[in-house]
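Each in structure tokens, the structures are laid out below.
Shared chain: subunit A. Partners: subunit B in the first complex, subunit C in the second.
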Partner chain A sequence: MASVSLSNVVKAFGAFKVVHGVDLDIADGEFVVLLGPSGCGKTTTLRMVAGLEDVSGGEICIAGEAINDRPPKDRKIAMVFQNYALYPHMTVRQNMEFALKPQKLSKAEVDAKIAGVAGMLGLDALLQRKPAQLSGGQRQRVAMGRAMVRTPEVFLFDEPLSNLDLKLRTQVRMEIAKLHKQLGTTVIYVTHDQVEAMTLADKIVIMKDGYIEQIGSPEEVFAHPKNLFVATFIGSPSMNLFRMTVERSEKGPVLSSAAFTIAAPADMNGKVHTRPGGDTRHPPQRRPPCPGR
Partner chain B sequence: MNKISTRQATLVYIVTGIILIIFMIPIYLILASSLKPSADMFSPSADGLFTPTLQHYVDLFTLRPFHWNIINSLVVTLGSTLFSVTVRSLGAFALSRIRHPRINDAAFWILSMRMFPPIAVVVPYYIIFKSVGLLDTPLALIIVYSTANIPLTVWLMKGFFDEVPEALEEAAQVDGYGIVEIFYRITLPLAAPGLAVCAVFCFIFSWNEFLFALMLTGSSAQTATVAVMSFWSSDAVQWGRIMAGSFIILIPGVIFVLTCQKWLVKGLTLGSVK
Partner chain C sequence: MGYVNRRNRTIAGVFLLPTVAVLFLTTIYPMLYALYLSFRNYDLAKPFIPRIFVGFANFQEVLTSGPFMHSMLITFKLMAVTLTFQFVIGVGLALLVTQRLPGMAAIRTLLLIPMMISPVIVGLVWLFIYFPELGYLNYFISLIGINPVPWITSTQWALTAIAIADIWQWTPFVMMGTAAALQSLSPEPYEAALIDGNSRIDVFLYVTLPQLKPVLISLLFLRAIDAFKIYDIIFVLTKGGPGDATETIALYIYRQSFTFWRMGVGAAASFVSLIIISVLITLFFKSMQKSAVAR
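And then the complex of A and B:
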């Protein structure tokens, strides 16, 4: 178990910047969900934490240690890949055994772990099959299983439930929540599914085009979106938007449109600026480097 | 797959049959001639029949040390095949995975070695091996054969490595493995068909090679192909022995190819990535 922190992490592919100085602090045992539209840099961010992608700038720390130059195998992580990445020449059981081998457990321990995870994910009947003999959803569950048998410091999940039917998805989601409660391992979880995000997360990170738009608890991002993007992105059906004008009245400032007028929220007092386009993105801020350095 | 109609199937069989006959005729002639008594070789009886004899085969192993030639051939061939396949798969893996702007130039440089004729290097090889005392040893031929096919086989293997999804190697990295283990336990098993093709190429090349073997060996490291040609001397051409030797030479290649065939399977990486 470990905390994870990203400070001003930048990723560029050649001249093309896809992650623009991300700052993120994840406490030990926290369940963090990365949420955002397709192509916003969720997978890239996760891959940088895993060490599969070089960091172009900034620093990533796990358990207070900077790990920018540490190879993936020494980062004590387990990851579910968006494209599964199952070992095709191994059976389901062998896939899990392979993932367990570096931990040097006894045969009994290995068997117990595999049995536990297989039961949890409904893989019992599939243990002797090879990936080619499985359906998409079954493959995804095997990918989950292969990560969950390990005991890493940090779990990285990249859309692990995207290919499951609603019932199975709900069920596996519960299992993930249970496992997290049981083990208390830090989790970084990428998803498109807002229900997943809302139900699983301690903290939601909303990304867009390589920037973090808001970090907050599910309630916070839902009820108090920091900007228009978050407001419209979260919630289904999405929030109604009205273009209003700020006006003075005898009761204080009001917001008015052709159709209706409401009192301006108290916390808006003295803070209202006009920003054409509604972009209220906050400029990225530098933070001090990781502790323990 | 589309269903093939009976007529199409018949056509396929007929064409295959014709091709097979064309390829089998020389082999038949070799076998038949190797069994003919010397007297019948050029004056066949009217009905084409003859009394088969194993005399030429017996002569090969009693009057000549043909078993030693075969052992030499086997040592050289297996040695160079093993060496080539091991080393080249590593080279091809590097070419397939390293991301560097100039890596394609390196790959092309390897290919460019294919551009000059082998005979151009026979004399330099001769001089080098003579000066280090390797002339007429199997090691000399192993060295030559192991380097001769580098371009072809490295490029071949690279193609097979390119087919193995990198995501699998990434998954293994995350699972706690280093690059060497990943290569032997994930990538190489999945590129096994490439390895088999490569091995077949190397085996057939080394086993059949004549020019270098002729120039770089004398009596002690002589290979089977050179030995067979030595039955063609200025005083007499011993056709029976040449044919018997040729027929024996055919056999190991066939066995090796059949052995490797079971590795030549498609779709090893099926089901691994979405």
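And then the complex of A and C:
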């Protein structure tokens, strides 16, 4: 098991920047979900951690060691792909054996590992089948099994449930949560489904257009969104937003709309000024896009 | 099929008629006529002798004659050598040109050129290269101090020379088919192998090759059938000689029919080779079905 940290990680494809200086600390054993709309750079970030994409700037550390220049195989990670990436011509057992081949274990050790994982995921009856003879959910479990036999320090998941139907998704989601409890391995999990994020994560990282908008526990991002984007992105139905005007009253500043009036938050006290004839709206607070460390 | 009624079938038949007629005149009739000839004593050099029925005598002569067996041996020897090199080099080149490197598309197109040239022209090109006194090849090897090699005029070298020309022409075919198959493989299993740390050689042997197998088998049989019929390049370069050193089945048939004018024997030899090709094709479809079931 290992901690992972990204500091000011940048990714550019040619001149086109898609990840703009991401800072993220993941503790040992933590389940972190990268959440955001399509095209925000989640997969790209994950692939940089995996070593499948070069890092254009910044540093990625796993277990305290900088791994920017290490090949994927030396990063002690395992990845579960969205379309499972199973070897189509190999049986389930052969898929796992091939994943273990570089570790040069004895036949008995390999068999023991496969038996352990197969038992945990209920794959025993499927070991002799090929991927084409499995249902989507079974393939998904095989993909997880293939990642698990290698006993990595960090699991990377890229939208592992998006090809499953709703019911199965709920079920596998619960299995993943259970496995994480059992194994205690660090997990980085990419999704654009906020139900998955809310139910699985210890920590949610909300991304948009290559920037991190907020990092926090599910409760935090749900109840205390840091900005308008997070506020509207999280929750279904999403949070209500009102355009309010700040006004003076005898009891201090109040926020008022056509329908109702409430007292302004205490920390606004003394900060509201009127400029004669000017705009008195308090601008929505927005964090600078790339907070320094 | 309820909607294809009798009337529509008649019309369909009328439309098919020209094609059927052409097919009959160019393929079926000559084949039947050759079958007829193979049982007759038909010597074009002696046109007034009646073409009497001789039973299986022609077949017996072909199957027991030294020259026919020799031509079979030459054909299969040439086939084994050319196919081996074409597949090893072709698959290697396919792996190379499917890398995402600058200029690969252009290199790939250039490599296809030999395949696009008519075999007779390929023969002529290599004739210039191999020509005993004036050929390019002997000129270049004389530059590095090696004595000229009698490429196409010695029994020792002629078959090798033909094999080189054929490999040059048909390796691109294998490359193109393999490259297309390589590009249709999904990239994710390769990324999974990269993360798991499987060596390149393991990935090639256990991931790439098994997935290419159906395509390679198809290409192999297409090339085998073609190699069995090899004619043009040999005819231009050596005409089967020196002696009978490069006489393949196709050249044997040609020589029997149009040099010795023994049409009956030539026809019988064609049928023997047709049967061999048919067996090859049947094996091909059997193995195709097997690999389809294995999937």
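In the analysis below, the second predicted complex is superposed on the first by the 235 of 293 C-alpha atoms of A that agree within 3 Å, B and C clash if a C-alpha of one lies under 4 Å from a C-alpha of the other, contacts with A are read in each partner's own complex, and residues count from 1 in each chain.
The criterion applied here is as follows: contacts are C-beta pairs under 8 Å (C-beta built on N, C-alpha and C of every residue); 3 or more make two chains touch, one makes a residue touch a chain.
A quick note: this is a predicted structure, and the numbers were derived from the prediction, not measured.
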Quick one: on subunit A, after the overlay, do subunit B and subunit C clash, or do they fit? Just give me the call. clash
If you stack the two complexes on chain A, which partner ends up touching A:Q133: first (subunit B), second (subunit C), both, or neither? first
On the A-aligned overlay, A:P88 touches which partner chain: subunit B = first, subunit C = second, or both, or neither? both
Given the touch rule stated above, what does A:A15 touch, subunit B (first), subunit C (second), both, or neither? neither
Could you look at A:L166 and tell me whether it touches subunit B, subunit C, both or neither (first, second, both, neither)? neither
Between subunit B and subunit C, whom does A:P102 touch in the aligned arrangement: first, second, both, or neither? both
Look at A:L52 in the shared chain and tell me whether it touches subunit B only, subunit C only, both, or neither; answer first, second, both or neither. both
On the A-aligned overlay, A:A266 touches which partner chain: subunit B = first, subunit C = second, or both, or neither? neither
Which subunit A residues lie in the overlap of the subunit B contact set and the subunit C contact set? 50-52, 71-73, 75, 77-79, 81, 83-89, 98-99, 101-102, 130, 132, 146, 150
Subunit A-touching residues of subunit C, taken from the complex the two chains share: 186, 188-189, 191-199, 202, 206-207, 210-211, 295
Using the touch definition up top, name the residues of subunit B that touch subunit A in the complex. 165, 167-168, 170-178, 185-186, 189-190, 267-274
Which positions of subunit A touch subunit B when the two form their complex? 50-52, 71-73, 75, 77-79, 81-89, 98-99, 101-103, 130-134, 136, 139, 146, 150
Under the definition above, what is the set of subunit A residues touching subunit C in their complex? 50-52, 71-75, 77-79, 81, 83-90, 98-99, 101-102, 130, 132, 146, 150
